[in-house]
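Look at the two complexes coming up: chain A is in both, with chain B in one and chain C in the other.
Right after this comes the complex of A and B.
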C-alpha cells in the first residue's frame, strides 16, 4: 500500500457505503419513474417515459411548480431580509440580550407540525384566537375565515414559513457576525464612515459566505417543506395552496399514482440540484472576484 | 461411545418424525387477520371472536392485529408488495376495486351458503360485488341523516323539521332573521367528505355520480344541486366562508347550539352525549329534492387470493365473525348500523328511535361507485365545489371541468 493512496483506501469503504445509502434510493426512484407501476408498488415494463409525459401534461403541474417557486423565493427572501437586522440587533450588547436570543430561537424547538396545528387553530374563523383578538379591539365585526381562500391563506402560510425559518438563519448569521474583527469597524468609524456605509461595505461582504450557506440550505429546506402546508390547508381550497411536495404526497399515497409520483420526485431533485449548482457557481465566482 | 452417539441421533430423528406426523394429522392452521381501528373496543371484540372460534376448532389459530385506519392502506400495500400479506383484511369498501383489478382479492361466493348470503341487508352487498361475484363481506355500515336543533328551530317558529330543500331554505331564513350568532344550515367546505356533503344535494336532486360510464357531476341536476348550496351561502343561510370549515368544525358549531340543521352520521350522537349533553336535538331524514337519498358507507372484510388457508379463513367469518351474537355485539359497541337482517331485528336496534332515523334511510342509501381512481375523482369534485363556494367559478363551469377530469380517469 503506497503512502499517498493509503488515506483514500482507508476512507473508500465509507464513501462506497455513503454512495450506496444515498444512491440506491435515487436509482430505485429513477428506475420506477420510467416503468409502469401499479398502486401496490409492483413495477412492470419500461413505458417510454409515459410517467413524465403524464406529469408534464397534468393540469395541476404548472400551477404547483409556480406556487413552489413563489413560496420558496418569498419564504427564503423574507427570512434572510428579516434575519440580517435581527442578527445585527442581537449582536449588540444590551440589557436582556440573552433573553431576546432565547425568544428568537424558541420556535426552532417546536416541531413544524405542532406550529402548523397551533396556527391552524388560531386562524380558525369561528373559534380562533386571531379573530377573537381582532373583534375585541373592534377591528372586525364578522368573522374572517383566514384559510378559506388562497388570497389570505397563501400569504399567511408564507409568513409562518418565514417565522419558522428565522431561528436557524439568525443563528448562522450571528455566528458570522461574532467572527468579525472589531478593530476594522473602529478604524472605519474614525475615518468617518456612516453606520450604513459600515454595514454596506464591511459587514455585508464579510458575512457573505454565511449568507450563501443560509440561502442554499434554506432554499432546499423550504422547497421541500411539507408539514406546514399539509397541516394547515392540505393544499385547499381547490389546490390553490398546493406546492409540488404536497401534491407529490397526494399522488403517491392518496391516489396510488406511484409512477407519476416517482417522476415528480426526480424532477424536483433535478430542479434543486440545478439551482443549487448554479447558485454555488455564482457565489464562488463572486468570491474569487472580490478576493 | 460411537454407539451412544448413533442412538442419540436416531432418537432425535424419531422425535422429529413424530412431531411432523402429529402436526400433519391435526393440520394446525393459522389465520392472520388485519383490522382497522374503530375504537378501544375493536381489538377486544375480535379477540373474543377468535377465542370462540378456536374453542370450536382446536389446534387452529386466529391471530388478530389492529391498525390505525390512516396507516392501513399503506401497510397492506407494503405487505402485498413484499409478499407478506395476511389472510383476511378489513378495508374501506371503495378500495376493494383496486384489489379486485390487481387480482389480490379472492371471490367469496364458493365459500358461502345461499342462506348465509341471504342474511345480509341487500343494499350493503352491491358495493363489494364485481361482475356478479362477491369479493368482500360488509362489516361496518353507516348512513347519514339530518340532525336539527329543536330549541333553535322552535325559537324561529318552526316546529316540524323540514323534509325538503325548500323547507330547509325557509327554516334557515327564519333562523337568520333571529339575528343571533346561529346559522341555519351547516355546510362543510374542506377536507375529508367535503364531496359527500354535496352528494346529499346531488342525489336528492336526482343526479348520479357516474351514469352510463361517464361522469354525472356536470348534469343539470348536479348544477342545480350546487347552485342551491351557493345561493344559501350568498344569502347568509350557512356559516360564512364554508371552505374554511371541515366536518369537525361544523359538528362543533352544532354542539355549541349555533347550527340549525346539519347532515352527518351516527357518530355525532355519541359526541353530543359526552360533549353537549343538554343540547336539545332530534334526527330526521336527509331533505328531499325530487327524490330520497342518503350516503351509505361500508367497510369490508376481504380474503387474499394468496392465502393458503382460505377455507379456514372463511369459516372464521361465516361461523363466528358474522354470527348474530357477534354482529350485535360489534355494531352496538362500535356504534354502527346493522348489516344483517337478524341483527337489525334485535331489540337494541329495532327499539332505538334515533337509530331508526338512520336505518329507515337504508333503502335509499347510495354508495361511492366501485370505480378505480376514486380518490382522485373525489379531489376533482372537492376542488370544483370549493371554487364555487369561494366564488372563483360558476357551478356549471366548475362542474364541467371536474366531469372532464373524471371522464379522463374512467378511461385510464
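Right after this comes the complex of A and C.
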C-alpha cells in the first residue's frame, strides 16, 4: 500500500496548487463568460453566449487580433532569423567569446518592465538619446516622436520585442549546435561540401528539433507578452499598439467589461491550448528521435 | 588554418550591431542617472554630464521609497522560491524515478500549465484572491508565483534527476540505508547544483514579474520593485527621469550580475531542461 501510493503523495501538492491557482480561475472565467456579469463581478442568468457575440462584434476586436498576429509573427520570425546566425557565431571559438555570450544574454536578466521604461525614455522625442545619437551621426534632420506617432510606435515595439527574445532563443539553438558531432562535418568538408552546403544539408536538419521548440515556445511567450507594450505605450496612440493582452487588461480592469474580458480570456486560452498540443507533439517526437 | 586574430575581429564585427543595441539602454541608464537634473531636460541631450552626481542615487532612494520596495521584492521572491522548491522537488523525484499509472498524464499536465501566462488568467486570479481576502497582501503574490513556476521547476528538476545514476541509491539501500538517509546523504547532495540553478530561475522570475504585482497589490507601501519603478513613470505628467534611471539601474544590475556570473551553468541547465 505505502509503496504504490508514494508517487501520488509526492505529486499531490503540485497538482493541488495548480488546480487551486490556475484551474479555478479558468473555471471561474469560463463560467463568467457565458453569464451576464455586472461590473462588480456578480453573475446573473445564462446569456446564450452574448459575451462572445459582443466580443467578436466589438469595434476594437479585429484590429487587436490582426495586430496580435502581426506582432507575434514578426517578433518570432525576426528573433529566429537573427538568432540562428548569432548562435552559429557564438558556437565558434574566438577571442572574447565568453564576454560576447554574456553581453548577448544580458537582456534576459533585466525585467521587461525595466527594459520598457529605459527604452521609453531613450525614445523620448525631445530629450531621448536615440534621436540625439541619430542626429549626431547625421542620420536624421528633425527629432522623431517615436512612440507618439502611430506609424513608428508599433514597428519600434516589434524591434524591441525581438531584442529581448534573442537571448533565450540563442541559448536553445546553441544547445542544439553543441550536441552536433564534429566528425560528420569533417567528413563533409573532406568530401568537398562548401560552408553553405554543410549548413543547409547538415546543421539545419540536425538542429531542426531545437528550432521547432524555439518557434513554438516563442510564439506562446510573444503572444502573451504584456509588460513591454504596457510600459511603453499602453496601446496608444489611438489603440494603434494594442494587442489582445493589453486590450484584455483594459477591458477587465479599466472599463469593467468583465463579461467580454472573460470571453476573451477563454478564447486566448483556447488558442494557447491548441499551440500547446503542437508543442507537445513536437516535444514527444523529439524525445522519441533522441531516445 | 585561419588566422585566429582575424577570425576574432570578424566575429566581433558581425556581432557589433547587436552588441551596440543591447548596451545602449545600459549606457542611457548610467548617463541619465548621474546627470544633474537641469541637464536631464536639456535640448539637445548629451551623453556626458558636466559633473557626475552620485548624490542622485541617495536622493532617489529617499524620494522614491525604493528601500521598502526592494524589501518586498526580496521577501516575495525568497518565499516563492523556497515554497516552489518544496513542492516541486518531491514531484520531480516521483516523475524522474518512480513508475506509476498516470505518469505520462502528469507530464502532459505540466506542459499545459507551463504554457499559461498570468496575463490570460489575471482576471480569474484577481477574483480568486479577492474571494480569499488576499488582495493587497504579499502572500497572494507568493502563491501565484509558486503556481506559475511549478511546471517549469518540476520539468527542469526531473530532467536533472534522471541524469543522477540510480545505482548509487540502490547501493546505499543494500548497505542498509533508510529512505531518509539515502535522500539526505546521497540524492540531495548530488541534486544540489540542479536545485540551485532552478532556484535562480524562479527567483529572477519573481523579482522581475509585473502583471500580477500590478493587479493584486494596491497600497504603495506593499509595492514590489518593478511596480514601484513603474509607478514613477505611469500616469504622471512630470517624470523625474534621473531618479527613474537610477532606480532601474539599482533594480537591474544585481540580477544582471548574477546572470553574468552563473551564465555558463544557467545556460547548460536550461538546455537540459528545455530539450529533455
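Quick note on the criterion: the second predicted complex is superposed on the first by the 249 of 291 C-alpha atoms of A that agree within 3 Å, B and C clash if a C-alpha of one lies under 4 Å from a C-alpha of the other, contacts with A are read in each partner's own complex, and residues count from 1 in each chain.
By our rule, a residue touches a chain if its C-beta (ideal position, glycine included) is under 8 Å from a C-beta of that chain, and two chains touch if they have at least 3 such contacts.
These numbers were taken from a predicted model, which means no experiment stands behind them.
J.: With the two complexes superposed on chain A, say which partner A:46 touches: chain B (first), chain C (second), both, or neither.
T.: neither
J.: A:126 contacts which: chain B (first), chain C (second), both, neither?
T.: both
J.: Mind working out whether A:201 is in touch with chain B, chain C, both or neither, as first, second, both or neither?
T.: Neither partner.
J.: Chain A residues in contact: does chain B have more, or chain C?
T.: Larger number of chain A residues touched: C.
J.: By the touch definition at the top of the document, which applies to A:283: first (chain B), second (chain C), both, or neither?
T.: A:283: touches chain C, not chain B.
J.: Mind working out whether A:236 is in touch with chain B, chain C, both or neither, as first, second, both or neither?
T.: In the superposition, A:236 touches chain B alone.
J.: In the superposed arrangement, which partner chain does A:145 touch: chain B (first), chain C (second), both, or neither?
T.: It touches chain B, and chain C stays clear.
J.: Quick one: is A:255 in contact with chain B, with chain C, with both, or with neither? Answer first, second, both or neither.
T.: After superposing on A, A:255 lies in contact with chain B but is clear of chain C.
J.: Could you look at A:114 and tell me whether it touches chain B, chain C, both or neither (first, second, both, neither)?
T.: A:114 sits against chain C, while chain B stays out of touch.
J.: So, A:21: does it touch chain B (first), chain C (second), both, or neither?
T.: Touch status of A:21: second partner only.
J.: Which chain A residues contact chain B in one complex and chain C in the other?
T.: After superposing on chain A, chain A residues 41, 126-127, 253 contact both chain B and chain C.
J.: How about chain C: which of its residues touch chain A in the complex?
T.: So the residues of chain C in touch with chain A come to 4-5, 7-8, 11-12, 14-15, 18-19, 21-29, 31-32, 40-47, 87-88, 90-91, 93-95, 98-100, 103, 106, 108-109, 111-113, 115-117, 119-128, 143-144, 146-148, 150-151, 154, 204, 207-211, 215, 226, 229-230, 233-234, 241, 244-245, 248, 251-252, 255-256, 258-260, 263, 267-268, 270-271, 274-276.
J.: Provide the residue numbers of chain A that touch chain B in the complex, in ascending order.
T.: 38-42, 59, 124-127, 142-149, 233-234, 236-239, 250, 253-257
J.: Once bound in the complex, which stretches of chain B touch chain A?
T.: 74, 77-78, 80-81, 98, 102, 104, 189-191, 239-245, 249, 252-253, 373, 375-376, 379, 382-384, 386-387, 389-390, 392, 405
J.: Please name which positions on chain A make contact with chain C in the complex.
T.: Contacts found on chain A: 4, 6-11, 13-15, 17-18, 20-22, 24-26, 28-29, 41, 82, 85-86, 89, 92, 94-98, 100-115, 117-122, 126-129, 132, 135, 163, 166, 171-172, 174-176, 178, 209-210, 213, 217, 220-221, 224, 226-227, 230-231, 245, 248-249, 252-253, 258, 261-262, 265, 268-269, 272-273, 275-276, 279-280, 283, 286-287, 290.
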